[in-house]
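Next up, some structures in structure tokens.
What follows is subunit A paired twice: with subunit B in the first complex and subunit C in the second.
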Partner chain A sequence: MSGRLRAEARLLWVIAGLVVLFGVVAARDATLLQAGTYAAIYAVAAIGLSILLGNVAQISVGQAGFFGIGAYTLGFLMTAATWPAWIPVWLEFLLATLLGTLLAAALGLLLGFIALRFRGHYLAMATLAFGLIAVGLFRESKALGGASGLDNIPFAQFGSLSISGGAAFWYAWGMVAVVVFLTANMLRGRTGRAFEALRNDELAAEVLGVPTRRAKIVAFTFAGALAGLAGTFYSSYLGVVDPNAVGVSLSIDLLLMVVVGGAGGVAGAILGAMLIGISNIYGHNLENWRPVIYGVAVIAIVIAFPRGLAGIILRGRPRSLPLLPSAPDAARVAAGPATPAPNEGATAPRLAVDNVSKRFGGLIAVDGVSFALETGRLTSLIGPNGAGKTTLFNLICGVGRVSSGRVTIAGRDVTGWEPHQIAALGVGRSFQNARLFGDMTVLENVVAGAYRLERTNLASDLLALPASRRSGRRALDCARAVLERLDLTRLANTYARDLAFGDRRRVELARALAADPLLMLVDEPAAGLNASERARLREDLLAIRADGVTVLLIEHDMRLVMQISDRVMVLEFGRLIADGAAGAVRADARVVAAYLGTAH
Partner chain B sequence: MAALLELRGVHAGYGRLAVLHGVSIDVQAGELVAVLGPNGAGKSTLLRTISRFEATLSAGSVRFDGRDLAARTPEAIVRDGLLHVPEGRQLFAGLSVDDNLRLGGYTRPRAGLEQAVADTYARFPMLAERRSQEAFSLSGGEQQMLAIARALIARPRLLMLDEPSTGLAPQIVEGIFELVRDLKRAGTAVLLVEQNAYLTLKNADRAYVLENGSIALAGSAAELARDERVQAIYLGGAADEAGE
Partner chain C sequence: MLQQLLQLVLAGLTVGSGYALVALGIHIILRATRVINFAQGEFVILGGLLAYTAVSACHLSVLVALPLATAAGFAIGLLFERLVIRPAERSGELTATIATIGTVYVLLYGHALIWGSLPQPLPFFSGGDRDVVWHAGGVEIAAQQIWVVGLLAAALAALWFFFERTTYGKAIRAAADNPLGARLVGIDVDRARAISVAIAIALAAFGGTIIGPITLVGGAAGVAISIKGFVGAIVGGLDSPIGCTLGGLFVGVLEQLLEAPFSYGIADPVVYSLLLAMLLVRPQGLLGSRRAVRD
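Right, the complex of A and B next:
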């Protein structure tokens, strides 16, 4: 997505121009102004949903619930509640807006936690249920007016200026502008990089140190907050809110806007909201046909333009360099990794595995394995298929939980830690099947690899504070340095899914290296490589070791293993059966039997 | 006599990933031929190329009983009498033993199926005892037997077995090899991919050793059992290093 941000920014200026033009032209037409204002209100909610759907690949069919919470909160506070006399009227409105948004955000947070337990259509059902519960509660609540809802909600009032008519149009679009500013900043910051990584491959993101669960919760909270914000202005603008207005049909409308406009980022959501907002006005006289026409249109768009209106407009644009926080010029050449070879826990072994076992039902995949790795050495872990090598990797980096035993990294007991916590200590990992982020460029992949070195937070990202930009620049510098060192710079702008097989492996190594790791777990890097690629890989692995990184390598290419390993450990049926120098291990009768069997 | 299975200059792989680089092998009717080699050498890909299961042929030819298999669909290949028992058994885990066997007979005329299932139970009494159990509840060795029995119901002329002994205890492995010897006696050709080189060579007629997607060694099983280069290929021995 970040590769498209620049093209999207141009599209946003076009949209801004259209909005201004519309506002001027429609200034005297109340119906048009109203349609334009609704479009802006929907756009705010749709942007949140677009992030959820397009950037984090989660779904919510209950966004109207948050919209309703915002609308009812403001409606209640501006009608039934008594404010202290010293608070001016304009501030009442702003405080009610803030409270409605925060309340919706809080419920978004809650839904985020619930959503972690569901996937796909179950998630759709769970969020739908949330929307239904919200409407049910509004309907049953006497304080909120029951089935008839709240009415006589006053317009927002700033001095003598009443936010209605033309003022409401400009206010609503001003709100959209602020939301676009915050959202675009967030997507350009570390938070956006975390979203993009987890959307591409959750497991790979997690082992780079991305707290994927937290990132999803952030997205749900953000989407909830924006729907709530939209709701607050809706009830202030319309003057009434009732349960039907914030029911399932609004949730579906919002989904529609995002799907038609194009999920992911902000431009598509705004286009979708404009289209549906306007057509709702003119759709009144064909009330019964509206759902039919919408339905057919949605099916057609999903089939013909799966990326929505924004996808049509942005299609064919050069997918130029990502708009990462710095605009790096060729003159600046980063000098090596951002931090020197780390020396935390220099005395403790980088990795100690103590009597670790893993059972899957009746099967013992890893059986009482113990070893410690010497700092800066390259150790290979070999063994026949199904011996438990990859399972052991998973236990070390937290992807699997040990059944018993202890894993210590640089002196810290990490047993039971989440993968992203272990990654944050400086444990890098590559996968048997090279899990790159396919929709991202090589450079973006490697920048994501530097996630653990980033120092910023959500607030800095939203406001594009210097901390956010510095952090992004640092990750970018790291990534460029690593690409340079592995001689991959020429591939920086290639999409990972377009890479040749051999390059995928090396880019994955680069991605892991960008985190400046203490320890690297490399899983079958030579599989599928040809002879020259293998020679190249050997150089890379030796270079990594030369940098002081402790390497644990799973590999079936015995020639490679015997050539580069300081030490070889052999696993069979989950147990270590040999451990020592390459030559001694190769001559070990048990190892020979493990690999070639015995004749009886 | 033309070979039952004949591969000539086969290049194959998965999408961008090329795994086999010009492999030629033959299997005669009734012969037990083994394909050995370290992990990642391309053994499973070889079987998958022949049965047209996932792997795709990019050059060369595969002929079974004189027919070019490139023009045939995977299910037609089964009807031709070429059966593949893939690595990891690939049973229908939630279905009963009986249903697994009947699905194995999917390509057979209905008339003979009952008799074939009854014959299978007579041959594998252990499966008869468990006929209504779900496949996943069987032990590893029983699952492997079921996978082979399921393939046998389709009356193969050539049976391809991919690592049937992986993860199994030695006496169970011996049972599987006994079954393979029986098949050979009954005239079924077998193409056996195995990790367990020595036990395989003791049972096979001939063998090919794959390394990095090419045939590194080929010959009679007895010759290869004595050949030190086999161990070197598996364990990266001194012979290789001299060649670097």
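Right, the complex of A and C next:
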């Protein structure tokens, strides 16, 4: 988990020390070396699953399928395939490893697309089916040796060095180190922040500009690639691969490693793999009491320590940000958040809604609404409960699809766009029930808000290139500046779930502001606030407006609305019944009727 | 040709009865606790082995062993709920599901420790060592097949009566559908869940005993039985008891029809592809409700 990365880094150094110690001590014991090598192979696959399960909250009970694809690809290429003579043997091995990993990644991508359709138990079943189909196909394939699989797969060979025994141990743990490096970088980068936001609240993440569907697919692809990589080395190390070795029991073992070790991040997966690697020394023969003990231990551990072994060790550690710059950049903070590109929709209205309707079956929730917002003004949208106000917000930010009509933001027709695409244009949103990311601190929440301003990609994140670091620092600076402006800095390290109700509202505003929005949609911010909190909110909203942000506000507190609105629109039964300056709207007979009813 | 087909369908219905009972058990536990029990197939094996012990060590008739194994399954189910599901569920459904996977290890290898790793024979319900076989129009009908299908029907009728016609059965359903509401009207929700799990495990033990004479009992078959049960439940509809039953029977028949003309191994990939296709095309299953899928 991103927040514990520093404590986790220390734990990783301890693990690295233990591995080196083990490698030296066990150098002459073939059985122990083998167990240690297996632990490394499983760790690579388990890290991928740990990210999927712990960081993205997606389950896969089919990881052995990818492991098998890697194992069979390398096995096939190193035995049955004919390589051109000019390719040296060591390169053959590396190319086969690469190809096996890429094939597994491609299938991970496919499974990711399938997984978008499911949640919970159904996702577990779908991934289980995937693994079962893969192993069934291996068993049926003549080219892959049918039920007996492939054998006589040669060891990797680098010159005179054969990757077996002790060399295999060090090679495998070297592979783990590379994977840990890449994975930790990814989690520290924008990709990790996207995962964390998505795990906490998918909808809130999406309206902050996080492409949640793509993030899930990335996680499945990554997990598939790592399982495939583990598989390639497995078959080269063992020299054989058969369908039973990559069956459902391996999928379940990987799942157990991750849960027992602690899902999320890399340390738990490695601990789980080490534990199970050691318990596997004796094999899983029937009529053996060890697997029974193992089963009891699994049950006991998940009940007593639901966050796994890593959870015990890392418990109570202060969380730290995914990425902390070495020193706060004072000049930048003083300058405030970055300004939007000057020509971005300079003339077009920030928001234009053109004859928009939304039908749910026979019910018309929004009925032919049209308006355009003046840039830099605060417009309130009022109306009785059920008038369609929140539905209209949803249509504007892409959470719901319009039945007819058009929504234009800064001159661009965004009808039918995904919420994250609309958010990327600079549309911020707060929710009626303040959807903060509960497991994240206030600062982390607000950093996530700056997602749309980040400029980096998955490759830079994986390699921790300067672009990735710069992007993270920039998001952090923006977040700090916004917290400072709203006087929330004292809450920066508080978990969002521990916040008082009024603070939740304001932190949500801060999160939306961190994206430096052109347009803010604020949904009933005053609901449930006391008088002093309302006064505070009023200041905040006026400050936001003063920054040149166009605000559309849904609010039931008429005093607040009348005090701060440049313009008020009234919605009743999905139709706009009044639109104008606050005073004029208050005097409008239809508005009075809508709110108070008419005398007959 | 037609006789062969009928023969295979009959065999499929017999094996499928076992899958149907597993699917139904998975459904009952899922509905009561939101947990998918991966160990359901292992409890089938356990039931069969308990019946085997009653017959071979205690020299009881298999017809006496059947209610004994079922009752033992009920008691073991209560323990399973109390020791594994309830404590694990406090940390979430995933944790509880993982705990049921731990249970698979305990039971799978525990069976082998106690009864050995080789499957054991269970006497046929009529005729002991050799089953009574009738010939009807070129189709061989074994007495055990009649027993299995008949006892499945009897179990279903009993379940239906309990859940639909008795106050306590209705209370259990209420506790599963809306725990808070059930608590407010005075239902002991924890006990209702325990009873649900116990019924599911009793069904598994019952299934293991009636199928046992045909399949032998023991060995490592439990995982495969669990998975076929899942497939049946998904195909029929995870939230529909009738769907689960029909789905289990369907998987049994399909498996027989595929295995006969082709090789032994082809049935599995086809059955699992069916599972994935079903999930993609109609995830709620044939008889399930759409609402269940996005939970």
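By definition in this document, the second predicted complex is superposed on the first by the 565 of 600 C-alpha atoms of A that agree within 3 Å, B and C clash if a C-alpha of one lies under 4 Å from a C-alpha of the other, contacts with A are read in each partner's own complex, and residues count from 1 in each chain.
Everything below uses one rule, namely that a residue touches a chain if its C-beta (ideal position, glycine included) is under 8 Å from a C-beta of that chain, and two chains touch if they have at least 3 such contacts.
Here the structure is a predicted model, which means the values were calculated and not measured.
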item	value
Touching partner for A:539 - first (subunit B), second (subunit C), both, neither	neither
Contacts of A:413 with subunit B and subunit C, given as first, second, both or neither	neither
Subunit B versus subunit C, judged by how many residues of subunit A each one touches	C
Touching partner for A:259 - first (subunit B), second (subunit C), both, neither	second
Contacts of A:528 with subunit B and subunit C, given as first, second, both or neither	first
Touched partner set for A:29, first subunit B, second subunit C, both or neither	neither
Contacts of A:562 with subunit B and subunit C, given as first, second, both or neither	first
First (subunit B), second (subunit C), both or neither touched by A:595	first
Touched partner set for A:248, first subunit B, second subunit C, both or neither	second
Shared contact residues on subunit A - subunit B and subunit C	none
Complex contact set, residues of subunit A against subunit C	53, 59, 114, 117-122, 124-126, 128-130, 132-133, 136-137, 139-140, 147, 248-249, 252, 255-256, 259, 284, 286-292, 294-299, 302-303, 306
Complex interface listing, subunit C residues touching subunit A	30, 36, 38, 84, 87-88, 91-95, 97-99, 101-110, 112-113, 116-117, 219-220, 223, 227, 230-231, 234, 238, 265-266, 268-269, 272-273, 275-276, 279-280, 283, 293-295
List of subunit A residues in touch with subunit B within their complex	384-386, 500-501, 524, 526-528, 530-531, 556-563, 573, 586, 591-592, 595-600
Of subunit B, residues touching subunit A in the complex	16-19, 38-40, 163, 166-167, 194-202, 212, 225, 230-231, 234-237, 240-241, 244
